[in-house]
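Here the chain labels run A, B, C, D and E in written order, and each chain numbers its own residues starting at 1.
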Amino acid sequence: MVLKINNVSKNFGGISALTDISFSINKGEIFGLIGPNGAGKTTMFNCITSIFPPSSGEILFLDENITGIKPHKITNKGICRTFQNIRLFSQMSVLENVLVGGHSQSHSGVFSGVFRTKSQRNEEEKLRSTARELLELVGLSEFEDAVAENLAYGQQRRLEIARALASDPKLLLLDEPAAGMNDTETADLYYLIKKVQERGVTTLLIEHDMPLVMRLCDRITVLNFGKKLAEGTPEEIQNNQEVIEAYLGSEGDDDIA
Amino acid sequence: MLLEQIINGITLGSIYAIVALGFTLVFGVLGIINMAHGEIFMFGAFIGVTVTSTLGLPIWMAFLAAIAATAILGYLLEQFALRPLRGKKGVSHLAPLISTIGVSIFLENLSHHLFGAGNHPFKSSFAEIHYTIGSITIYLVQILIFVISVILMIALSYWLSKTKAGKALRATAENLETASILGVNTKQIITLTVIIASAMGGIAGILVGMAFNSVNPQMGLSIGLKGLAIIILGGMGNVKGAMAGGLILGLAETFIVAYGDSGYRDAIAFIAIIVILLIRPQGLFGKKTSEGRP
Amino acid sequence: MLGDLINPYYLQVGSFIMINIILGLSIYITLSSGQLSLGSAGFMGIGAYTSALLTINYDLPIIVGVIAGALVAGIIGILIGIPSLRLTGVYLAIATLGFGEVMRVFLVNWESVTKGSVGLSGIPQIGRELLKFSRDSGFSPMSIGLKNNQFVYLMVLLILVIINILLIWFLIRQNKSRVGRAFAAIKMDEKAAEAMGINITYYKVLSFAQGAILSGFAGALFAHVMGYISPADFSYHRAVDILIYAVFGGSEVIWGSIFGAAFMTLLPEVLRFISEYRYLIYGLVLVLMMAFRPQGIIDVPLLQKLHLTKRRSKHGSKN
Amino acid sequence: SGNSSEKAGKSASKDGGKVSAKFGVVSYMSGPGAAYGEAITNGFKLAQKEINEKGDVHIELAIEDSAGKQEQAMSAAQKLMSDDGITAILGPTLSTEMNVVAPEADMNGIPIMGTSTTAEGIPQIGDYVFRNSLPEALAIPAALKKAVDKYGAKKVAILYGNDDVFTKSGFDTMKKAAEDMGLDTLTIETFQKGQSDYNAQLTKIKGLKPDLILCSALYNEGAVIMDQARKIGIDVPFVGGNGFNSPEVIKIAGKAADGLIVATPWFADKDDTKVKDFVKKYETEYGKTPDQFAAQAYDALYIYANALKNAGSTDRDEFRDALAKTKDFPGILGNFSFDKDGDVVMDPTVLIIKDGKFQQFE
Amino acid sequence: MTLLKVSGIETYYGKIQALKGVSLDVEQGKIVTILGANGAGKTTTMKTIAGLLKPKSGTVEFLGENITGLRPDQLVKRGISLVPEGRAILSGMTVMENLEMGAYQRNDKEIAKDLEDVMQRFPILKERKNQLGGTLSGGQQQMLAIARALLSRPKLLLLDEPSMGLAPLIVADIFKIIKEIKDSGTTVLVVEQNARQALKIADYGYVLETGKVIVHGPSHELLEDPRIMEAYLGKKSE
């Protein structure tokens, strides 16, 4: 079990964004988190990565309780995320973005950095080669020196994934990676996430692109109004009447293939 | 004595509050700390001196002249020091800080050349009107200052929260581009705001001149710094906060003199904000920023 | 003769430039992690008074005083930096400005030690101490054709130049390292930086403290160059001057602060001939420069044009 | 102490026995205290014109601004000192600036004289450092003594600016003088630069009912303080220091200025032809009544001119020696001599403002 | 009648040319869609029309009037309203205030009724009318942005990727709503990644590639053009 969510709730003033949610993710899985707008999916991510702590409940990562610890510690333990509204370091180059992603994988401090000790140089070398390899993986090698904010939307999303991967996470959280992508690009994204899975990374995916979700995910949890509506394999979910009513819409719509 | 000191504190606090309102308004709409606000205030005071003491005209003319002059200064400030920086790509948020500091240096030295260094007395019979109750003397100006500050506060907070123009102003403050696609003429709104804020500075200038009978080119700095402390204390961009912050500071300064060590009077404003900010980083009345929506 | 070429006035101005560069760097380094601190004047005061008091009262060598001054400023920097973490943007700026003012008031009121606003005089002056030392060891500046004041200021300037070169080297190296990247990431997006595993508390306090150390260091040097300090030296005006160095020169790059400090120190000197109007013009220059180059004189594209920085393609996608 | 091996002033010329010299002036001409620099340089320029017209010696002035800042004063002085044609320096304006500049001048063997620096210990910095401004240590006790004698005062309150060297050292003297005279000090209140509201302090003082208020303030603040004091009903006399003495006090505070007692070397209404002459010329030239800063500067240049004539040379050392010998020089401030340190020896006059005019306090 | 006529606009970001002469016509009462890959220049085109960017050359005409270079607020006055990419919610203002700002330039008496109408259409907005805009979920913000634009009662509604980040059910809804908007007389120019859906409701389509229009035609033709299906719409199903 990589991640275990136990009875997590989150309230904002009067609004309960999450109510008593539990689910768990196995190693190597691609796990889907879907549901209507405002169902609480992003809120769940924020609780897991400690942007804010849950109001109640606990979150276990590799059997360790990580509820409410500092966000950077979560990353150091092996969870990394992307953001629904892209949050790159917009003024940095593409490569630098990925290097920052590798922060938790390196250790040099002020003095080793300034005096360029041998171990620091080695470490830096390694960071760079990993970063380049990741850019290759997401298909951004040729933009290495470009300033991040000048990338097109879809490229920015892929850069976010590369940056998150640079922290060598055991669990990767993706928040709507396909938003703003066309079908061709979404197809590329499919292969990318698959490749990430091959690297042994477990993925928790929020996405509204149903074809993508259904093809990628091993299991899916559906949230609705902050409550858990259903959980199961893609087939089970697609055929769940409640989910269809709340979220997927009727079969008749031929665009949801 | 206590009552007299309270009157002193409220007078001072009301002045601080009016100055702070000007800061708050510009900060609220532009997100800019207008470092020249204190100097605009000083200019207002000098116009008051010129109209009453030098030209010997009645006090209401002084108010009109000061409001007009500072409004024009506000317009020029917007036109030459703020507008060129707006909407340019890669402009750091520090640029307007520096350019308004530039304006403040310019205005301070200009007024020195125009009006001369040193204190200028504010000679107006109006400033002499006072009432004596027992051993307590209260000047009409002191009452006026308090009343004006309350009126301005109420008017401003109504304007901002209830009127269309006020909402447009807040929209502009939040995001220029968004406001403009909603149909707001952002240039006009911004100019208007800076002008109103400056005119309020002008009013404050005259009131201070009358209350303390001292006007000099440097007066903008010290009151300006206090004004800054207050908007932080009360919560940035918050009208009621500015008023409350002003009164708190005015009373605190008075009481530290009356019952403590007057040597720390200038520090009290900043000690207060440091303490407040540590307890409530958003200021006394500031809204807590939403729990991060990444 | 060497002596004719060296004008102590220029040396003096040169020394002030060097000290101001350190002050500019102190703002730059705090800004590089996205924090706008206007406490430099306060930290400068701490450094100056610490060093002056140690050298005057305990006869410690100047170098010990200067290091102690920088360290004390750094420690107070950490103490101020930690609670200030909760503040951002202008809140931080004004709170730190407030800290500076409180420091000044404190120096004014703590008369038994600081002599209040009368200030401390008789602080050992670097150049004069060196002159004494070289005379004691049998060397006379006259032997290389220098007058006393030429020698004194030449020495001061040389020392300051060496210190500056070391500091700049240090900061450039740091910028290019993991620490520098962490600062930059925090500056651009704190939440995202945190999500990338960066301990923002640590790095923000680190950069704040580094800024404080640099200010304290500059303050200590200032004390030993001037020979006299008073609380008025560390007032609001100083804080603003220092901010102007960094922003006017360009706060995004290290060369900006350096250039800004040099330029802004020279400007009033160059404008001496119009004495009464020079601050009027100084104010105008600030407004105009910000209007035309709001990012400051020196920015990344300019450095690229001068081939001082690796060229990066401006544009992501291929058109 | 100075380095006598350096010979300066070679470039200055001596035409037909008439010595011609250049003096450097460092003055506070931009920024908050520019009013002082203005008065001072006016005094210099007026004296310069007269001296050159008279023709015993010829004087050139090189005036530099210090903006009231130490570094700027230092740079300005350095610029002047590195000009070999400059024989000696006048200024800078503030004691803080003098504290920085004087050791430097002394080291370089250049005579320097403050015309407005009244803080303790300045002439003691070195052999080349002088002043002709009356130190507070002389002025304040004189004024206080007369006031106490006249009003039989026992209880006093002190109010001073604590963030300014000038007013702070004035206060130190005041406090000591009050103690020496066995007065009961009810309270000590401070104010800070740029403050315009003194009501809190004054209200507190009012409640304590002192017989006299000792106020160490520059005239700008002092006048406003008196105005506010009278407004809240304090009517006891004020005793001020050197900086309080200016006709501006009356201009700013009007009737409220009545009752201010100061000791000063400078009395504009003195029944003395030299003084009357000076006041008239100054008024026609600058449209203002001269204050003590202008008067002290005016006298200072005369003292320099006199020393220059006596030295008969622009050599810095010779000039210094001649300057140090100045004795009973008849200036508009009175008869002037230096003591062994280069400090002022002179008897101040005590004045009081009455009916909107400075008058001799008997 | 041609409501909007864009002729040969070239728009730059600094030195980078994003549009290399884009021309398009929008007929009154129609839905026109712009398709294209990421970075093709769709958003740039929309922003240029809405007055947020000024073209270096080329003209934009609206109802026969040359409106090139006018300010966005002047265009709102003339009846053009944009729902920008990334929603642009006023996050410090409440949902209600956001909506009111939508009607900023109107002075008529029907604002209250229109407010009621849009809240009927998006019930969640009614429910959350006092919540701060910035704390809405991504999809909720998208709905708010569309609702807000409708409140200006535009003649021409510009929608930049309205379905982005919306749940499937809502996406279907949005396209229904766009159709309804058209039926109520408002002309719509819509940028979409969801090409098939877009073409199904649109009357006419333009395909952009690196700043140029490469194909345009009635949407049913585009839908049937295999080349276009392949290159810009992705394969139907993999």
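Convention: contacts are C-beta pairs under 8 Å (C-beta built on N, C-alpha and C of every residue); 3 or more make two chains touch, one makes a residue touch a chain.
Since this is a predicted model, take the numbers as computed values, not measurements.
**Q** Just to be sure I understand: going only through chains that touch, what's the smallest number of steps from subunit A to subunit D?
**A** 2
**Q** Return the chains shared as contacts by subunit C and subunit E, ordered by label.
**A** A chain counts here if it touches both subunit C and subunit E, which gives A, B.
**Q** For subunit B and subunit E, what is the smallest step count along a path of chains that touch one another?
**A** So the least number of steps between the two chains is 1.
**Q** Tell me which chain's centre, taken as the mean of its C-alpha atoms, is farthest from subunit E.
**A** D
**Q** Which chain has its C-alpha centre farthest away from the C-alpha centre of subunit A?
**A** Relative to subunit A, the chain whose C-alpha centre sits farthest away is D.
**Q** For subunit B and subunit C, what's the span in angstrom between their mean Cα positions?
**A** The separation of the two C-alpha centroids amounts to 31 Å.
**Q** How many Å are there between the centre of subunit A and the centre of subunit B, using C-alpha atoms for each centre?
**A** About 48 Å, centre to centre.
**Q** I'd like the Å distance between the centres of subunit A and subunit C, where a centre is the mean of that chain's Cα atoms.
**A** Roughly 43 Å, centre to centre.
**Q** Quick check: how many Å separate the C-alpha centres of subunit A and subunit E?
**A** 29
**Q** Send over the residues of subunit E in touch with two or more other chains.
**A** In subunit E, 14, 16, 39, 135 touch at least two other chains.
**Q** What parts of subunit C, by residue number, touch at least two of the other chains?
**A** Those would be 105, 108-109, 191-192, 195, 276, 279, 314-317.
**Q** Identify all positions of subunit B at which a residue touches two or more other chains, and write them in rising order.
**A** As it turns out, subunit B has residues touching two or more other chains at 109, 221, 261, 263, 266, 292, 294.
**Q** Residues of subunit E touching subunit B in their complex?
**A** Going through subunit E, the ones touching subunit B are 14, 50-52, 71-74, 76-77, 81-82, 84, 88-93, 97, 100-102, 104-105, 132, 134-135, 148, 152.
**Q** Help me check something: in the complex, which residues belonging to subunit B touch subunit C?
**A** Residue list for subunit B touching subunit C: 27, 33, 80-81, 84-85, 88, 90-99, 101-110, 113, 221, 225, 228-229, 232, 236, 261, 263-264, 266-267, 269-271, 273-274, 277-278, 281, 283, 292, 294.
**Q** List the residues on subunit D that touch subunit C in their complex, please.
**A** Its residues touching subunit C are 3, 5-6, 29-31, 34, 63-65, 67, 70-72, 74-76, 78-79, 81-82, 96, 99-100, 103-104, 107-108, 119, 121, 162-165, 168-169.
**Q** In the complex of these two chains, what residues of subunit C are touching subunit A?
**A** Counting only subunit C, the residues touching subunit A are 170, 173-174, 176-182, 184-185, 188-189, 191-200, 206, 310, 312-318.
**Q** Contact residues on subunit C for subunit D in the complex?
**A** Answer in residue numbers: 7-9, 12-13, 16, 104-105, 108-109, 116-119, 121, 125, 128, 142, 147-149, 152-153, 226-228, 230-233, 268-269, 272, 275-276, 278-279.
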